[in-house]
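The following pair of complexes shares a single chain, chain A, combined with chain B in the former and chain C in the latter.
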Partner chain A sequence: MDYTFDFHAIGQNMGPLIDGLVMTIQLTIAANLVGVTLGFVIALLALSRWAAVRTPVMLFVEFFRCTPAIVQIIWIFYCVPILFDVYFDSLTMGVIALGLNLAAFNAEAYRAAIQTVPREQLDAGIALGLSPIQRIAYIVLPVAVRASVPVLITNGIGSFQQSALVALVGVQDLMYAGKFLATETYRPIETFTVIALIYLAVSFPVSQLVEYLERRRGAASH
Partner chain B sequence: MTTSATLQLGNTMKSVASPLADTTRSAALPLVKVAGLHKSYGPQIQVLKGLDIEMKPGERLVVIGPSGGGKSTLLRVMMGLEEIDKGAISFDGKPYISARGDGRKTQIDTAVRREIGMVFQHYTLFPHLNILENLILAPCKVRGESRKDASERAEGLLARFGLGAKARAYPSQLSGGQKQRVAIARALMLDPKLMLFDEVTSALDPELVAEVEQVIMQLAGQNMPMMIVTHDMWFARNIASRVVFCAGGVVVEDGPPEQVLGAPVQERTREFIDRVFHIRQ
Partner chain C sequence: MTIDFGIVLGFKAALLQGLLMTLKLTLVCVLLGCVLGFVVSLARGSRNWLVRGVSRGYVEFFRGTPVIVQLFWIFFCLPLVLGVELSNFTSAVIALTLYMGAITSETFRASLKSVGREQLDACIALGLPRWTQITSVILPQAVIRAVPTLLSNCVSLFKESALVSAVGMADLMFIGQNISNNTARPIEVLTIVAVIYFVIAFPLTRAVSHVERRVLAKLAA
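So, the complex of A and B:
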């Protein structure tokens, strides 16, 4: 390798990168708020005993799980305004696209967690005279939400990285700032190395947190 | 802890005195009347084929029989956990479970059902609640009892079962035997008039079985009516005032423990008893 790295130009232009990172984090937080709450509602609907409720919800989940995120983002950016005649700024569109995608994945996390609650505990709830709503509120939810936290955080890190895709449609996030800087400075290798390190610096501690949580859960269940 | 439990419960390990000494009660209405119970899982598997059982007040009925014979299903139906195809059950003279047929849902009077408590084989404690919270959840949420009152009663029960020091522990910190004792205490918090025990020691390590059976013996000593499904014939002999042998979804033999366990009349019962005791020796 005879390439000589020169980070000089990047060091002088950290300002736009920081702005981009702030945008990326805002986008991630907003998408996660949508994903965590909407995902929960979707999971409950997906477990409905009525097929008329369950089927459309399952189709929604499968659509987002079985198509590339980049296709979803571009589709929402270009097709939704034309088909439905609604226009939002690019940031809002980014939050919607990433949020819906995340909601579909989180719904599966919640659904799996809800199904880990043993049938016997619900039976015990009936035997103790708890109503169906009380059984959900006091037996299923506390256990399911706790069990799904590691997966929700993992999906959250995924959405942080996936948010780089919205740079393609003009959201001025970290990736967008990086692309801009790379062309400005003629230093794409240095720029994208720094960008990668920034994504890593944010994601790594969070993924360590997930590992810690899973270890603790594993220890508690024995 | 275990020591104090044993001290407290030690004297109950002897066979419990006859519960039918109170003749005025035994002459009264049956406490439980199960009539013509039919239950199937799909068209192929018929679990109950017209099961009839009557239980008098104060009785301790032990239900034995081969796996798939309908014992556990009977208890689950009595608790309203299973739909039935035909039949009806009344408790204390009040009909509370009846089939409506044609695939419609079984009718259950929950107010009557709440007079019955049940303990299951396993996974019964709520893992996110500590022992005390497990005990007071239903009294507070279902009966609207104050947290303070319920906690006081719970502490009392736990102390009685040798679990006083475990009130703030979580289920994962308890042994299997302790968990089952807590599950029994939790059911008792609702002051049931009948307790159902569905193979409560089957999932336990052998050395933990005794402490759970002792607690049930203690309840028996206080004349708590109970219906017990068990594979433990020694326990059955010690606690039963009457034994019912269920097989093929019907009652095959019904009588005092000395008869059903000792000298069964029916061929089918004899085969089962021979096999079970043979395995255990």
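So, the complex of A and C:
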């Protein structure tokens, strides 16, 4: 191998990389806000008594879970403006695409958790005269959210990693900055290695946190 | 603008070719990835700290970074590092196999752990040789528990394989995007591409829940 490593060029260009990382983190946080809230609503709708509500919602969830994220992102970037005649900036489009994808995955996590809420607790809610909204807010929500936290965080890291895909449609995130820098400096090895390490440095501690939470839960349930 | 899905029919052959590439890539990487994943899961339980550390680093790295970054690294950097030309297909296979190996190793590890300690104690009490313990007692139980998760790992890999379009490999997504750009008909073409992926992945996810129920029933019996 006659390649000499030179991380100097990367060191000089940390500015754009940090800007990119900030964009990536903004995207991730916004997508998670959409995913955590919309996902819960979707989960409730998917458990609805009426097939007319349940079926389209389930179709939405399965469609987002069974197609590649890159196809969804490109579809939303190209087709939504034509179909609905609306134009958003690329950051908003990125948040919509990543948020909807995450909402579908989170909905499944919530659905599994909601089904673990004991039937008697809901009966008790009815006996106490709570309205359906109150039953959801005071009985279902706290249990479901607590039970699904590890999966929600895991999905959140997934969306952090998936956010790299929006670089392909021109959102100037970390991956975009990296691609730009790699061609600009002719230093693909150094650049992509640094990019990968930055992604790892963010997602590794979070995934360790999930493992810790799961271990603690495992210990508590014994 | 009028939407006319008939236009996609004219590109049937090209899309089919892309789909075949996607399936071929998925299949090759599933097979290689499962073998790699199993070996890595054993390495993670090794007595040698170096083997343990390296295998853990590998798994955390590939699970902690975006697949698209891994693909770019292997497409653009690996040929430079190794000093050899790699074909697109080879690079894609290397990248996706490494990814698949990392995620399946976690699946195998979890299932190996789930085989109860008392099973191993029973083996020792029965005086079974070490090799028989692994092949006749631990392995069959671990594999059966791993099957549902392995299947969903395969679905993930099938979906992630669409990323190779970003590095110029002519898979289903790449061909779909090309047709969509050339005909200026993104709605029809991209929707059909999404539907093709869905039609393959959806039955697989159903199969996962089916197999899961059967495995649970079998373990309970």
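By definition in this document, the second predicted complex is superposed on the first by the 197 of 222 C-alpha atoms of A that agree within 3 Å, B and C clash if a C-alpha of one lies under 4 Å from a C-alpha of the other, contacts with A are read in each partner's own complex, and residues count from 1 in each chain.
By definition in this document, contacts are C-beta pairs under 8 Å (C-beta built on N, C-alpha and C of every residue); 3 or more make two chains touch, one makes a residue touch a chain.
The structure presented is a predicted model; accordingly, all values stated were derived computationally and were not measured.
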First, second, both or neither for A:Tyr138, with chain B first and chain C second: first
Partner chain(s) touched by A:Pro118 [first = chain B, second = chain C, both, neither]: first
Which of chain B and chain C A:Ala182 touches, first, second, both or neither: second
Touched partner set for A:Gly129, first chain B, second chain C, both or neither: first
First, second, both or neither for A:Asn32, with chain B first and chain C second: neither
Comparing the two partners chain B and chain C, which touches a greater set of residues in chain A: C
Which of chain B and chain C A:Ser148 touches, first, second, both or neither: neither
Common ground on chain A, meaning residues reached by chain C in one complex and by chain B in the other: none
Residues on chain B engaged by chain A in the complex (per definition of touch): 76, 79-81, 110, 113-114, 117-118, 120-128, 137-138, 141-142, 170, 172, 183, 186-187, 190
Chain A to chain B touching residues, read off their complex: 118, 120-121, 123-124, 126-131, 134, 138-139, 142-143, 146, 220-222
Footprint of chain A on chain C - complex, ascending: 1, 60-61, 63-70, 72-73, 76-77, 80-83, 155, 159-163, 165-166, 173, 177, 180, 186-187, 190-191, 193-194, 197-198, 201-202, 205
List of chain A residues in touch with chain C within their complex: 1-3, 62-63, 65-72, 74-75, 78-79, 82-83, 161-165, 167-168, 175, 178-179, 182, 188-189, 192-193, 195-196, 199-200, 203-204, 207
